[in-house]
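Next up: some structures, all given as structure tokens.
Two complexes follow with chain A in common, the first pairing it with chain B and the second with chain C.
Take a look at the complex of A and B:
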């Protein structure tokens, strides 16, 4: 079920080579290299201060790297100014020009590149149509709602027909339901126009839902690059496991090297049994958890989330384990009470073994 | 239970309303009566009498023939225009520098706030203190009191207002819009003319207006720092008043009041359009 990225048969549209950037002794980017392919939705994901926005600004040409190169269609564009790159940006908080109406905002880019008037008119209509802003052309942008402003910001960038669109946390200022809706719209637009999107966010759920590929960053370095499934199911690094979704860790020793390792299991992969009938239940269940040891613990908290039900268990060694499963009613067998003694283990092959850092 | 309170409520609110209305009326009478008296007496056909002796334009005529007052007015206008323009220019550049100020690559709020506080101190400190300080300073560096000293003084007390106003406007706007302009292909010059200027122009124009009015208004500082060769209007009027109330002054003040009223209306219209 991996989403297709045609990186095997076409050269990258954008190549980032050994990028370094510091702001007054504070190293923001430490030797970043990355290939970005035509038509992919690539997300730079990481906590604030990890360098993702700086990287975007360097690609846009708004900041200069201390060292390293940016290749665009194989040509070095590191020293080119923003207006010499076929790359446009959608900024955080939209950054619309408040003294202009929607049309004037949209036509700013084409006017700067001295496009003929007729062509500009044509493209404005195209954009208004594409972004469902048909009757908004003469409205002042300050009177628009957040979602509408977001669309104008998108249109203002797309009207220039860039090869690559950069999006810097474009959805962070919207409320939750609008954010969900805009995710789908972004994804739809990107596929429809066949554009390359480089999307920056600190919201892991957003990253998982829109991306073809995710680049997880931390403290100026790339931790892991892969499809959303790769990142979630097979994190290669304890920080990635912690940052994406929720993770439980079991401390163990490697049997061969006797090195300390951590076994990472997602909350939905934990199997939880009532203490008194461990025997009977494990017999009737699928033998999903064969060959595992069982951990004894006590339920300390339960959390009803509508679709899901979370149970927090404290093991005998005081480790806390979060368990989540679909909620099927209070009378159901996998409903647990606070204070109850339980046993737990995990589904076969659902665990990921990581180095203890 | 409900009925009596229902009956009481309206009467209480009407009474409150009436009290509020009359206190407001009183306030406006208090504010505008002196101005009104001044305007009326500028048309009164009598030099000394406080009673109405018929309508006349005489005082206005005499005013126009009074070269002393006209020269002082002209001087005032020159100083006001020059000092407000220079203060606006200098102040806007300073505000921009303050806005862009960074320490170790980060916005340095501490220094900015200190500088702004120092500005406020100049704004709220008594005029007499500033006046004396400037007077002593000009004597110390041997600048003759007159046009130059007056101009420098007026720039000095206008600057903090300009800087504060323009800085507030700059601080308000989203820094990313400048990036957005570059990203969309604008040159630095185009970014200034098409984005930055239209957004900060209202603040710059209103600070220029403010500087102009403060300059025209000032008596105390000007009194200390100007010399006998360069007389400006407020001081001229003050010296005339020592000889008793002259209806010509009423006429002059009426003209100034009319100009102020007119420019306030224009200014109000202008800023309202900007929003």
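Take a look at the complex of A and C:
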């Protein structure tokens, strides 16, 4: 489904080495190192204040790191100004030039790099076509809708054919349905043009849907780097498990080291049984699934979400467990009532064992 | 009964706070600006009379005199100090204000702009005398320069056009800084970053992004400095001695010394026409700013 990044054969297009950055005694980036490969859609994901935007700005050359290097095609570009890098940025609120029309915004970059007039004209037409803005060339950008401004911002960067395109939360200002649509378009454009995208977002769903590789950041550090499946199915860290999707945790002790551990299970991997049915219905299954422990609890809340049905269960030790399954109607066997006594366990091998931090 | 009640409520409606305050804001400029200007313009078409100031008799003689008596070159010359003043204040204020808006926090910015405004609250007449004390032949400036052995004989600045321009720049600079500040404060620094990101040099970023986006402030500031400087005849009197003639001095001379009201009114009308022309050009040029 997701393209495997060919790490072992091609050298990285961009290498970030031991990056440090502070703003007035506040450490924003703490020793960040990362390789970015040609043609990949890489996402920096994390809550606000995790340093992802600062990292993007340092790659663009808009901020200088306190320490560390940026290598571009193997050459150190750390000290180069933004206009000496073959990198372009799509800014968070687009930062379109309000005194120019769409065409003037698009042609700004090519004009600055002294591209021949005929080539500029050609590229403008290409961009308007690619971004479905054909009749918008002479419109003032201030009269455009959010989605249209978004496209112009994208076109203004893409028209320069950058080796790497940086996108700083480009979809966050759009409404939900437009955001979903633009996700697909971004991914399509990236594959079609074969560009390297570095995308910054705090929206984990967005990150999962567009990325070849996700870098999860927290408080200036990289927690985990991997494909969307890696990050969701096999988080290596309790914070990653919490930040990506929803997670249930069961406290336990490691049998050998007797260290405290947490067992993470996703809501869709929880099996939920009606209390009175446990004996008859599942005993046979249970024998196969050896070692499985059952937890007793009570349903305290149900949530109908259309496609999904969520059930919130409180265990005897007061832990809350979220369960979700496809909704198959109120008469279905896995429909539960508030107040009902239930038993629960998880699908075999769906659990992830994490260190308790 | 009912009709009386209706009448009362109608009266109270007419004298409601809304109506009164709106009428006042309309009446004020009508009574104190529009009507006086209308009277002056009318007088400019009347005949001079040495007893009653003017006679109720229509004439175009005053306007003919503008050309015949070589008023026009004098008028144009008198624009020069105002023009130089405007350029100097702009050259000082633009980088200064830009620096203030880019390098300081919002709170510090407000404080610095406040410092710019404070002197403006003192009468400009008093401040003109203040400048005379500084620039005088035995003034503070010369005393310091001679003590520091930078010059041996005092500079003769006072009572020259230079002194008038120094005075204008000092008196009017807040009027340039304030409109500049209001446009520069709104200038999104991400637009500047976007220009760098699109490979513009510092100079290109200034010419293509910063200057066009701050132009409304430049225009308003220039008007705010240029127009009052044409009328501040007392500054020219105090600092320029008898030598410099501004439009303001010409108008004042016609009204108070020659006592030729129709001619003074004619000069005044001419300034008014200039002003309206400027405003029209500005309105034409800045249409994009108002959507």
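We adopt the following convention: the second predicted complex is superposed on the first by the 347 of 357 C-alpha atoms of A that agree within 3 Å, B and C clash if a C-alpha of one lies under 4 Å from a C-alpha of the other, contacts with A are read in each partner's own complex, and residues count from 1 in each chain.
Here is the rule we go by: a contact is a pair of C-beta atoms (placed from the backbone, for glycine too) under 8 Å apart; a residue touches a chain by one contact, two chains touch by 3 or more.
Treat the numbers as computed from the prediction; the structure is a model and nothing was measured.
*Asks:* Putting chain B and chain C onto chain A via the overlay, clash or fit?
*Replies:* Chain B and chain C clash in the superposed model.
*Asks:* Quick check for you: in the superposed arrangement, does A:140 touch first (chain B), second (chain C), both or neither?
*Replies:* Touch status of A:140: second partner only.
*Asks:* Identify the partner contact of A:113: answer first if only chain B is touched, second if only chain C is, both if each is, neither if none is.
*Replies:* both
*Asks:* According to the stated criteria, A:23 is in contact with first (chain B), second (chain C), both, or neither; which is it?
*Replies:* A:23 contacts chain B only, not chain C.
*Asks:* On the A-aligned overlay, A:93 touches which partner chain: chain B = first, chain C = second, or both, or neither?
*Replies:* After superposition on chain A, A:93 lies in contact with both partners, chain B and chain C.
*Asks:* After superposition on the shared chain, which partner residues are touched by A:248: those of chain B (first), chain C (second), both, or neither?
*Replies:* Neither: A:248 stays clear of chain B and chain C.
*Asks:* Looking at A:54, would you say it contacts chain B, chain C, both, or neither? Reply first, second, both or neither.
*Replies:* After superposition on chain A, A:54 lies in contact with neither partner.
*Asks:* Kindly list the residues of chain A that each of chain B and chain C touches, one partner per complex.
*Replies:* In the superposed arrangement, which is not itself an observed complex, chain A uses residues 60-62, 81-83, 88-89, 91-93, 95-99, 108-109, 112-113, 156-157, 160 for both chain B and chain C.
*Asks:* In the complex of these two chains, what residues of chain A are touching chain C?
*Replies:* Against chain C, the touching part of chain A is residues 60-62, 81-83, 87-89, 91-93, 95-99, 108-109, 112-113, 140, 142-143, 156-157, 160.
*Asks:* Please output the residues of chain C touching chain A within their complex, sorted ascending.
*Replies:* My answer: residues 188, 190-191, 193-201, 204, 208-209, 212-213, 288, 291.
*Asks:* State the interface residues of chain A toward chain B in the complex, per the touch definition above.
*Replies:* By the definition above, chain A touches chain B via 23-26, 57, 60-62, 81-83, 88-89, 91-93, 95-99, 108-109, 112-113, 156-157, 160.
*Asks:* If we count contacts the way the header does, which residues on chain B are in touch with chain A in the complex?
*Replies:* 104-106, 173-174, 176-177, 179-187, 190, 194-195, 198-199
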